[in-house]
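The structures come next, written out as structure tokens.
Across the two complexes that follow, subunit A remains constant while its partner is subunit B and subsequently subunit C.
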Partner chain A sequence: MSQAVQKKVVDSRGSFCPGPLTDLFKAYRSARPGDLIEVWATDPAAKSDITAWASKTGNQLVSVEDDEGYTRITVKVTNKKA
Partner chain B sequence: MKKVVILGAGSGGTLLANLLAHEFRREIEDGAVGVQLVGEGDDHVFQPGNLDVAFRGSDPASVVRRESSLLKKGVLQVTEGAAKVDLEQRVVTTRGGSKIPYDHVVFATGAVADPGLMPGLREGSLNFHEGPAEAARIWAALQGFEGGTAVVAITRVPHKCPPSPNEAAFMLDEFFRRRGTRGSVKIKFVTPYPRPYPAEQVSDVIQPLFEKRGIELVPFFAADHVDAKAKKIYSMEGESVDYDLLIAVPPHRGAEVVRASGIGDEEGWIPVDSRTMKVRDHPEAYAIGDATSIPISKSGVVAHLQAEAVAGSLALELRGGREVFEYNGRINCPMETGLRRALFVSGTYDSAPRRERPTLLRYAMKREFASIYWSTIQGGWSWLMDAYFGETSEPHELPA
Partner chain C sequence: MAQATQVRQGLNPQAQKLSIIVSKGSLDMAYPAFMLANAGAAMGMEVHLFFTFWGMAVINKRQEANLQVGPDASPGMTTAAVRDAVARLKLPTIPEMVAGAKDMGVHLHACSTTLEMMGMRKDDLVPEVEDIVGASTFLQLSENGQTLFI
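Here is the complex of A and B:
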């Protein structure tokens, strides 16, 4: 029986580079294929870093949305084998 | 008697115990205050020295001293580690079952490098994060390494001393150059980050040095397991890197006592207020150094500065004050870049590390800080620390 897709919100607001990436790695370790990870970041480098991470690792960048004072970056886990 | 119990006899715990013993020397003599330091055994390791053991062949014994020789009069040392802390009843239980009640407890329990957390890593790699004995195994392996691919890999974050993997790559390069075999050795640097150093400003300096020294960067590699027989390290996406020698930064976790006490996150890091260092929901408890979950370098300097802040807070609290010292997030991580050059990674919570080029002066400063380490954790050289770091914590009124 397949398990339900989960969405995990990672709040990295206030954390400097590479805080948001480090938090993403932590969430990714326990994620399953199909899961969504939404990173909240105030660090401007988070957008480009997470976009590059998704592209390089073969996972999917779903959205990048600017909110009040922070950015919400959502990725879908699509290429995790382990 | 008001009793402070400090768990962990590393840099932060030792300095804090010594600062409190000095601050309350009269009260301790009178029996009004007690300072107990609970740590496993009587060895104290100068952990940055593990790099010299691994890549320069320093004697492992040269980075170890007896903890008891480092403690000021007035500190009561317990050499049996803590097994559990009951934060409601305010009692520490040691591994042997002794009960130690307290008024304030400080977790300075550090981080544990644990290759057992990743399949194949124990069998397939060497590391310098577990201690000087393991670091010496790297030096031994280098003696018989005639050529091939040497890989330095960050298997998981966070880990102790963020610059240390870069230093390892640079020191490997230096080792093979001095030996005259650099041409037959390929050095690869495997990291989950997009660049050689997590912070972009520092990486901008490191990346050209990697290129100049011929250190190949393998970015975005989230390590999953190691096949020791095939000599391959695999990522979570199924990619692999071949190696002949794997020097890996193992996954780290919090101390067992943290998990047993039910206060850490799933990896055993303690949630604290990043400025007061008070444990969440437990104002009488503090945590400092590598043990916390705050997104800051796990390093001796951070533990040192946080120990100073907590010593200031406890000095006020035990005398009935209504203020607490707040730490500003200052970091200062020296990074050796090989061939007698180093740079410092410095910043605070409010200012990202700035770009600086490696110099001989920084290298000399790193070496000098190492030579005065044993004195600094006894409270010595405080004028120099103050002059160099400035104010890294200030008292603030506690909320009502």
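Here is the complex of A and C:
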């Protein structure tokens, strides 16, 4: 198995709370330490929810970027054993 | 499944466990319980749902997919309006919420006395239900966490 850092895109556009969070969690379950997960969301709560998730679970919020009509929120998996 | 999200050590224990008493069997009361439960599980919390009295309808095989808006909803709010909104927003249905909760590690418990009162058996409940417990078991499970009554 490759140890290379993976970046997963989770498209939660059109999904409402807690949809983006549960989508992120599903990606997190199969992620490896160091992986990046980028959530695309239109739900206005996603930014604060995912920021809270990162803070509570000890993972790292990398960036929050507004694009046209949606937001890309990237987290790094830093609190998961291999 | 093992708890996939590891909660940081040293946090307030209340912040690590969420227990919800689901006492109502209406569509409008089932949603908030499952939204909070599923969000809690995604946050890495240990989550317990305790279904009691009318809440048993939510995990009754024959009723789960047909919950109605209850009398406490806003005047004029109808079951059809809620179902329309759920479809329009592509929100999960209640059976999908229940399955999703189980998948994320939420524990579903049914109240033994209610089951008896309603002449039901474990076979009448959706397969996501983990066990049939009494009040003291729930109190023990929920100890040192935060508990909500819905």
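What we mean here is this: the second predicted complex is superposed on the first by the 79 of 82 C-alpha atoms of A that agree within 3 Å, B and C clash if a C-alpha of one lies under 4 Å from a C-alpha of the other, contacts with A are read in each partner's own complex, and residues count from 1 in each chain.
Heads up, the rule we're going with is that contacts are C-beta pairs under 8 Å (C-beta built on N, C-alpha and C of every residue); 3 or more make two chains touch, one makes a residue touch a chain.
What you are looking at is a predicted structure, and each value in this text was computed from that prediction instead of being measured.
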Partner chain in contact with A:N79 - subunit B first, subunit C second, else both or neither: both
Touching partner for A:A4 - first (subunit B), second (subunit C), both, neither: neither
Touching partner for A:A45 - first (subunit B), second (subunit C), both, neither: first
First (subunit B), second (subunit C), both or neither touched by A:K56: both
Touched partner set for A:F25, first subunit B, second subunit C, both or neither: both
Footprint overlap on subunit A, comparing subunit B with subunit C: 15-19, 21-22, 25, 28-29, 49, 52-53, 56-58, 79-81
Footprint of subunit B on subunit A - complex, ascending: 12, 15-19, 21-23, 25-26, 28-29, 45, 49, 52-53, 56-58, 79-82
Complex contact set, residues of subunit A against subunit C: 14-19, 21-22, 24-25, 28-29, 49, 52-53, 56-58, 79-81
Subunit A-touching residues of subunit B, taken from the complex the two chains share: 156-158, 192-194, 198-200, 219-220, 222, 224-225, 234-238, 295, 347, 352
Contact footprint of subunit A on subunit C as seen in their complex: 4-8, 11, 15, 35, 38-39, 41-44, 89-92, 100, 104
